[in-house]
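Two complexes are shown next, each including chain A; its partner changes from chain B in the first to chain C in the second.
Presenting the complex of A and B:
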């Protein structure tokens, strides 16, 4: 079972990755300018108060001890309490991260729905008008900044036409989808441009392959040739790119969430950095890093399923 | 012998930036039941394109004319649906490079099953049984296990066997083989050639065998057609052509094959290279490389003449060629 052992090996690889993430997060947060004690007490705090708070937060101990405490609490599911909001960080993450995940998921889905059929169309009619038009349109989408596209969509479909809300998250799942559609579309446009271009050239590379000629010589249907022989092989390289893009999208949701006033993890992150809310920044970074690692893991597994040579 | 395939004036052009390139030029030949025809020539002579033209396996920019009569119907005029039924069902093709012709991401069993699904009414279970039979037929051991394996788990020779199994799945009447042994080791080559010969007898197929290897032709084919610059320049039984080549090009090809068991003599080689499709010489395309060329060869394209029973040649000076005799003794 090469696939099973591949999955096992890939899961074991997650362990050093996670340890590394913890070290980086721990160091990074301590490199940020400013410290939490002065954030809590303000600039004119008494030395005695500073010492007391430092002791409360454990900041008076050595870095090694601090790291040990940090790792131990992470593994017991305790990411500390938010300094400014006074609630457990895990609770905050549980509230906000699903919003970002839903936003990213929708963006990925929209991007695929846009990119895959158009990539096929452009590739099969390469050099003709349809190909040029599709590539031109996506080129525009790719070269415009995300926040600008967001503002245009907001103005037209939100403010002018009133089809979609201009901000917030709404109540209930359907309402969530309605609220997140425009921000997801914004993210999807640039993502789909990347995917479309990559998949188009992958399809062009595969369409003339000998095994596609052999499949044609077998007299099987054109639909089967495209879906089973062409698409599956073309997807192998595109899936890797897609996984990487999703990772970037998770971390890059900050801008979109700000433009559309979506209360997701990206917004929480920005607010916490400004507020020097160490525990939240730490916890959120870990959560996002784990999420990205899992995304890459799933990407690898999907790739191994597509291409049995990967799992060797 | 009953004729199964009749090719008349087959011409294949590719649209190029500077006008159409004629890859196959006015090619005519016929093929009998259970006959193996060798299509011989150097790289670029149009033999592979000829083979692919028979089942219209060409890029969309290619244009074809002429007739390919298969069981009373012209393949070149068939509807896409009928063509699909012929391809793989009645006429199958195997390729030169099994490594690139097998889909790397699909198990061998599925690649056989596809063919069976397209051309037979067998149930899932029956198709599985048939796939195992086919693996046995082409000599792949442990059929049941190997069906679920992927091409990269097969050796070169086993891949070629698997490709033959896929091609033969639906009992085709004609097998088109495009240099099926060129990519293989010599020992494996012999096994595959023997396999194709055995299968021809067992399944009563006809075979068209494209190759540049005259040794392969001598060992396997009944008749041969020699191609140069998109045209057939000589056709005849393998015995006749080897005994008495009538075209200077054929004579050159035969002279360039090393032989054991004879007195060691210098190999003949044909000077120059085959012409590119965009610059085919006037008159007889072979004249710039030909030792027998005379004035008429530079001016006019020779007609195909029947010089002996079943032995045709398109050469102005075939009598001179005949007089010099065969380089093969």
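Presenting the complex of A and C:
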């Protein structure tokens, strides 16, 4: 079974990536200005207190030992406690990350809904006015910063028209969706531009392929050809692109959550950086990186399912 | 599109549009004072929050500063961001990518792991984290972007060099007894560098987006500097009443970004037809 061995191989590849993530986070956090001990005790601490806290946190031991302890606690699900909010970091992540995931999920969905029909339209009327207009509009969308799009949508559809709330997260699932729609649309616009561009050229490549011409010669209806042969094959590279975009999407979520005051993981990240809440920065960075790795894995598997050649 | 019959292919239209935008942007960036009607930082309490008019084409902000003059002066900082945030990753990535592609084997495997790890971190999150360690400001932003950005160039160059080193002329160089470094940098690299140059154009557009995003978050250029992201942040609380403070700097970002991506697309087209 080539697919089974592909899955296994892909799962094994996660291990060095995860180790690397942990090393980078470990080093980054130790480079942060000020050390955790003075963050806890303040600047005018007594030497004896500093020593005691250092011992408590394990900071008096060698870096290698510290790293070992760090890895061990990460794998047992212990990411420390937030300095400012006084709760376990895992609890904070469990509260905030789902919001960001819902936001990026919605954004991905909106991006697909926007990009797929327009990509088909542009590809099938290649070189005509519709194609030029669609590509021009998306080119402009690609050059717009996320916070700018957000600010404009917020002003027009939130403040002026009052169709959507101007920020926050609301109560209850439907209310969440209502609150997250504008931020998700903001994120979706630039993603859909990337997907549209890629899908359009993929469709153009597939439409001219011999097997599509063959299907046409057999007299299969145009719609069936588009759905079964063109879309499926054009989607393969789009799925890969989707996986690669998840990092950009999460980065964009940091900004959108700031613009729309959404209490997600991105907002928490910015707040923790300003507040020097290292355990939270550390835990969130790990959580986000793991989220991205898992997304890569899933898109790879989905791609292999769409196109068995990917699994080799 | 008609097939070009003449031997000299016409310059692609995206390249012309993009080139004109970039040339204009560069001129504004170098000589802002020649074009700006007012001092970008001069307060005018007699003209607060004025709508666009004949005297202030883009209106004034909440300190009475002329928005047009600030948008023009911001070209200096934002074009500088586009160049400095990308030129070091481009140079470092090119050298490392060329070496990795030429050596192959272990170096390539190791590099592959680094690439995997770097793309696992959301780019913006990593840059924000690094900037927060080093402190806000442009210089630290360049460092943060450089730490991560070289990887993308290295990946492109490595793939190209790997193809080039198998070609006859590389063998010929080795037969002539040239050193490896001479073969890599004098012979392989000039043939491998074009995709990286095209990517560089896109990257400069991305750098402006990133620089203005950090400016907006308060981690990039520091107020009262005239920088588009900072200006948009300045105006965000006035969006409903004085939209012009934020909207015009945003349009400048879009226009400049378009200039870079059109140039990139046009260059790619020229290089494709050349092959």
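The rule is simple: the second predicted complex is superposed on the first by the 310 of 312 C-alpha atoms of A that agree within 3 Å, B and C clash if a C-alpha of one lies under 4 Å from a C-alpha of the other, contacts with A are read in each partner's own complex, and residues count from 1 in each chain.
Keep in mind that, in the parts below, a contact is a pair of C-beta atoms (placed from the backbone, for glycine too) under 8 Å apart; a residue touches a chain by one contact, two chains touch by 3 or more.
None of the values given here were measured: they were computed from a predicted structure.
**Student:** So, on chain A, is it clash or fit between chain B and chain C?
**Tutor:** These partners fit in the superposed model.
**Student:** Tell me which partner A:162 touches in the superposition: chain B (first), chain C (second), both or neither.
**Tutor:** neither
**Student:** Check whether A:20 is in contact with chain B, with chain C, with both or with neither, and answer first, second, both or neither.
**Tutor:** second
**Student:** Looking at the overlay, does A:172 come into contact with chain B only (first), chain C only (second), both, or neither?
**Tutor:** neither
**Student:** Regarding the shared-chain residue A:77, is it in contact with chain B (first), chain C (second), both, or neither?
**Tutor:** A:77: touches no partner chain.
**Student:** Consider the C-alpha centres of chain B and chain C from the C-alpha centre of chain A, and write down the angle between them to the nearest 10 degrees.
**Tutor:** If I round to tens, I get 80 degrees.
**Student:** In the superposed arrangement, which partner chain does A:233 touch: chain B (first), chain C (second), both, or neither?
**Tutor:** In the superposed model, A:233 contacts chain B only, not chain C.
**Student:** On the A-aligned overlay, A:209 touches which partner chain: chain B = first, chain C = second, or both, or neither?
**Tutor:** A:209 sits against chain B, while chain C stays out of touch.
**Student:** A:139 in the overlay: touching chain B, chain C, both, or neither? Say first, second, both or neither.
**Tutor:** It touches chain C, and chain B stays clear.
**Student:** Answer with first, second, both or neither: which of chain B and chain C does A:148 touch in the superposed model?
**Tutor:** In the superposed model, A:148 contacts chain C only, not chain B.
**Student:** In the superposed model, does chain B or chain C contact more residues of chain A?
**Tutor:** Of chain B and chain C, C contacts more residues of chain A.
**Student:** After superposing the two complexes on chain A, what is the shortest C-alpha distance between chain B and chain C, in Å?
**Tutor:** Taking the overlay as described at the top, chain B lies 5 Å from chain C at its nearest C-alpha.
**Student:** Report the residues of chain C in contact with chain A in the complex, numbered from low to high.
**Tutor:** Residues of chain C touching chain A: 1, 113, 116-117, 119-125, 128-130, 132-133, 135, 205, 209, 212-213, 216-217, 229, 232, 236, 239-240, 243, 246-247, 250, 253-258, 261-262.
**Student:** Residues of chain A touching chain B in their complex?
**Tutor:** 208-211, 213-221, 224, 228-229, 232-233, 236, 306-309, 312
**Student:** Which of the residues in chain A end up touching chain C in this complex?
**Tutor:** 13, 16-17, 20-21, 24, 28, 31-33, 127, 139-140, 142-148, 151-152, 154-155, 159-160, 244, 247-248, 250-252, 254-255, 258, 266, 269-270, 273-274, 281, 285, 288-289, 292-293, 296
**Student:** Residues of chain B touching chain A in their complex?
**Tutor:** So the residues of chain B touching chain A come out as 55, 57, 59, 83-89, 92-93, 95, 97, 100-107, 114-115, 117-119, 150, 152, 163, 166-167.
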